[in-house]
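Letters A, B, C and D mark the chains as written, and numbering starts fresh at 1 in each.
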Amino acid sequence: MEKVFFIIIASLSVAAALSVVAQRNTLYSAFSLIGLFGCLAVAYITLQAHLIAAIQVIVYAGAIMVLFVFVIMLLNIREEELRVDRNRLLIFSVPLGGLLFGLIYFGLKNFKIDEIKGAPVGTSEAIGQGLFSKYLLPFEVTSILILLAIVGSVVLARREKDGDIEDIEDDEQVVKVSMAEKSKVEETKE
Amino acid sequence: MVPLSWYLILSAILFTIGAVGVFLKRNVITIFMCIELMLNAVNLTLVAFSSFYKQVYGQLFVFIVMTVAAAEAGVGLALVISVFRNRETLDVDKSNILKL
Amino acid sequence: MLKVIVFAPLLGAAILGLFGNKMSERLIGLIACSSVGVSAIAAFVAFSKLLGVQPDSGGVRRISETLFTWISVGTFRADFGFVLDPLSGVMILFVTGVGFLIHMFATGYMSHDPGFWRFFAYMNLFMFMMLTLVLGDNFLMMFVGWEGVGLCSYLLIGYFFTLPSAGDAAKKAFVVNRIGDFGIALAMMLIFYKFGTISFIDKEGLVGVFTKAATMPVEALTFSSLWAGGLTTIAILLFIGATGKSAQIPLFVWLPDAMAGPTPVSALIHAATMVTAGVYMIVRSNAIYAKAPMALTIVAIVGALTAIFAATIGLSQWDIKKVLAYSTVSQLGYMFLACGAGAFTAGFFHVVTHAFFKALLFLGSGSVIHSMHHEQNMAHMGGLKKYLKITFATMGVGTLAISGFPLLSGFFSKDEILWKVKSSPILPSNLGLILWLIGLVTAAITAIYMTRMMVITFFGEERFRNNHGSHDGHHGDDHHDDHHSHGHGGDPHESPLVMTVPLMVLAVLSVVGGFVGIPEALAEKIVPHSLHDYTHSFYKFLDPILTPIAASPGNVTGALAQDHHAELMSTVYSTIVALLAIAIGFFLFRDKPLMTMPRLLEQKYYIDEIYDAFIVNPLKSISTTVLWKVVDVGIIDGIVNGLAKFVGFTSRLTREFQSGFTRSYAVFIFVGAVTVLGYFVGYLVFNALR
Amino acid sequence: MLTTDILIEWLVKIGVVFFILMTAIAYVVLLERRLLGFIQMRLGPNRVGPFGLLQPLADGLKFLFKEDIVPLEADKALYVLAPMIALVPALMTISVIPFGDKIVILGREIALHITSVNVGLLVVFALTSLGVYGIALAGWSSNSKYSLMGGLRSSAQLISYELALSLSVVGVIIFSGSLDLVEVVKQQNSFWLGFIPKWNIFTQPIGFLIFLIAAIAETNRVPFDLPEAETELVAGFHTEYSSMKFAMFFIAEYANMVTASSMATLLFLGGWYGPFVDKFPLLGPIYFSLKILFFLFLYIWLRGTLPRFRYDQLMRFGWKFLIPVALANVVLVAGLALLIY
């Protein structure tokens, strides 16, 4: 029963992953990826990691991918142009991928551990305990990382109007300007 | 009970697909997404090990990986926007001036 | 306390080196002299403290200070530490004392020189290095000082760097010293290999070299022990270092040339302190030498040969400083002779007395040169006693002292050396007697050439009057910008007080300096009984640091050691010889001051020419034809150019990888990851198969 | 183990809840129209059935029979998918919401929620955060300027206000010490001084207000209904939609309102607790419904009275006011919790 369920989830994930790569439309890729994240969340639930599953959906599906979709829509990327790829290196990439998979497979296929008795560990209490005691420093460091990312993206994404520097915190204006630009792009397309 | 190795192999498949995707795709956003895919494959491994070993640390690591992924997405997409503004394209092969 | 002694001159050197060019001469002189003065006072205080220290189990008084552990690698440990024991105590006393007097003298001598501050910065640095050498508590510290004084010597010989001769002399000194230093470095490695430590003294966690050496068996008196890698080898390597620094055969050639430096430098470095470092080191290492009779024999022979060799050259020199330089070489030979005979204390006693009278003589000659407007050729002097009364008197005392005039300091030290050589228990069979004879002859020659120098300079007609116009070609190396030109043609004048006071102090020391070490046999005859406890105090003070030396088997002279009658006879011989030689010298050269000397001697046995022909020129031609044209151009440049070409080639290849295509970079990363993974999986598979 | 009994129980529960929810949504629409009518001094729909009670039925029929238009330039697949993506998460959230304590029916003890998850709160957030895709996709796939604008605004707005929403809940989590909604409610069971219920609204009113505001923004309701601002964007993301597809968005929006209201109830107003619930557990769902009704009324009331924000005002309010206040609230509540425990 569980194995059947797993196989369903796994095939869905693989299909979604293939779709991410195979789709020519970026937005379709993005939605395939969201689907994949959903499948993984389910997989996490089968692994008793409820908190991680919820966070997976909230952070990945709910926040990161929304950002992706937002940018795709903002830049109005309709379709990837089809063009013969002349980069010689890419010939190797698929065999290399196969090789990588082969290696991982051979490395892991016989990986077995003795079953360890004990309660499931994915509770929010356990994770909270871990994050705020033993791994407090990494946790705090990630908060600094996030802060840096915020500052960095604001600096990168904002546009200076003819040399005079606009208020950094007005990032909604950036969005507005970008949208105006996007409609301009659309007009030129038409 | 699903054996651990099944999770690991699922993770391997996903990782490989992500990696190959990075090479095959020309669109920078798709490449980004492929990277996210690889990260998720790794996360799956971590969670699987964590839950089979009954050790919470793998999941803590996943937590941190997610934070990093979020930060990366934020900065990366900001970069994408500014590159797009300057070059009007997302094709990474056209942004190839970084060379001798 | 010891820190102050060592670092006061360094502070002075730092101040002068960094800010000296902005200071007035008066201030520079004040800083330079006071830094050495502080050091000297500290040395006296430390010395008196040392006298109050309770002797340890070996009877040695010792104060040690460890600042920090300098190097600690594996079992190797070198501390940055100082040790004050009777040996280094006596040494710092006269180093700082004489050093202070010479600094004082130099402020007068060097006045109006454009490089005044530089000179004193070097001098102070030298004092620092010399004190590090003396006080260092391990071989590495001593080596630091050893190299440091070499550096300062180089800087000061080449002080008049605009003169090619000064630069050449400096380089010569440096290169020749390197040969010796190589020996020291090897010796240090061998010591560490042999003893597992390089520390002089025992301290917490360390057992000193000498403590260990004292427990080792005496090595055989055969040539094969020289390269057996034992104590004899160490001793010989150390002695090679000493021949370099202390100008012994075959490495003495640099010292006469070193007179190109200013005269105070010659007095301080090349007479009183640095050149005696070799003797100091051998005395310091006496525990090693005590077990290596073969090395001692060689030291004695080399010392004796150097002594007579240099003395004969000294007979024929016309440059007043060269005479003194060869005299120094000769006297150093004496000291090594004493050490080689196992009479380390006697040798060291001669170091002390020699420091007094040789510094005095050099400063006196400096005073003469100063008043003669930097004329060094004695042929252009004469009759100066009328003008330079103080200089004449003090130099006269110095001359008598070095010649062994009875009851002056040189008499006591030299007499002790001669007797100890004759009665040495370790020199093989009749070697002691032969060396004693050589020493006696040397003493005679010494008295002759010193008297000659005095007579030519101070007596007879006043040759400087008629020759003055034409002597430019003979101008000494000690050639300032001619700021003294206003004095040309006038009568020589006595030097200022700042220069004569050190002369007088040193003269007094030269007279009384010997009384601390009157030989036992002599003391019984001439010293009142109530003072007997003090007569031999120098030896009583120093002897505890010596390791007892076993007499060589079958040594006939060993029996003489306790024979006071024989000792007195020896004293009588040397007194007679000295007085006779002084008389010969005086009367011979008073009549014919410009007497031509044998050409062989005047040309210094053609030693420099021989070196040129056999060592320098072959080296040059090898350097030109093989090292330069083949090794450097062909191999080294070929490798370098080839490397460059190779790098260029591979760069052209690898440049292809940097295509600018992001995805190809990703592929490379991926290839790397796959490789690493492949390695691990391969490892797993390999293990599984096995 | 999964037995037939439990399966049947689940199916029954799902069916009942789904039915009630759909009905409730239909009548909330009616309620809104009638109330708006009263607020605007008019009658509202009152012709179909008594007091217009059959109006929802008529509306449903109308939606069903209308022509289903797909714009020519639209991205067909996504255009069809978008309303479903909007609707499904909206309906799914109800599955983890408890609306009463355990009751005994036909000798079986039945918990009044479809399923219990120990991270229920997070599940609700996760599912609501997925709702944005429906709107964004709809905007994009229509291939229309207005729709795209609506979709973009919607995603930006939802991301922005989700932060404040999550932060406002942190206080509640601190107090209850659990992410399980049942636990959260049970923690509010007792009384202070015997008569003041221990609802979170009393301990953290600021958190409640923030939650309310953010929840309104999350559901794209007035005054935060920028994505469908009729006056400037025609109808925002669903400009091009018609018939059942439009109905789906409609239902999704109201389902979201219901969810938000129930969350507010659960988190701040003591869920199903009220007088005599201990003795008559069936009272629980009734109290729960009443409290939800209060919030729904509030929604409609606001719609009838408040003007719409401008877009930049919306963003500024969210980032510069709401989030800092929510952060301060977290600190405050944490301090309070330290004092109390």
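We adopt the following convention: a contact is a pair of C-beta atoms (placed from the backbone, for glycine too) under 8 Å apart; a residue touches a chain by one contact, two chains touch by 3 or more.
On a predicted model such as this, the values are computed, not experimentally measured, just so you know.
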Most central chain, judged by mean C-alpha position against the global CA mean: B
Comparison of A-B and A-D by number of C-beta pairs in contact, larger one: A-B
Rounded Å distance, subunit B centre to subunit D centre (Cα mean): 33
Approximate Å spacing (C-alpha centroids) for the pair subunit A, subunit B: 6
Rounded Å distance, subunit A centre to subunit D centre (Cα mean): 27
Geometric centre distance via CA averages, subunit D-subunit C, whole Å: 98
Subunit B, residues touching no fewer than two other chains: 19, 23, 26, 93
Set of subunit A residues in contact with two or more other chains: 51, 55, 63, 67, 74, 87, 89-90, 93, 96, 100, 104
Where subunit D touches two or more other chains, by residue: none
Graph class of chain-chain contacts, one of line, ring, star, complete, other: other
Inter-chain touch pairs (all): A-B, A-C, A-D, B-C
Touching residues on subunit B, where the partner in the complex is subunit A: 1-10, 12-21, 23-27, 29-30, 32-34, 36-37, 40, 43-44, 47-48, 50-57, 59-60, 62-64, 66-75, 77-82, 84-85, 90-91, 93
Touching residues (chain side subunit A, partner subunit C) in the complex: 87, 89-90, 92-93, 96, 99-100, 103-104, 106-107
List of subunit A residues in touch with subunit D within their complex: 25, 27-28, 31, 34, 41, 50-51, 53-55, 57-58, 61-63, 66-67, 69-70, 73-74, 76, 123-124, 169, 172-173, 175-176, 179, 183, 186
Footprint of subunit C on subunit B - complex, ascending: 19, 22-23, 26, 28, 31, 92-93, 95-100
Contact set on subunit A toward subunit B in their complex: 2-3, 6, 10, 13-14, 17-18, 20-21, 26, 29-30, 33, 36-37, 40, 43-44, 46-49, 51-52, 55-56, 59-60, 63-64, 67-68, 71-72, 74-75, 77, 80-81, 83, 85, 87, 89-90, 93-94, 96-98, 100-101, 104-105, 108-113, 115-122, 126-127, 129-131, 135, 138-139, 142, 145-146, 148-150, 152-154, 156-157, 159, 178, 181
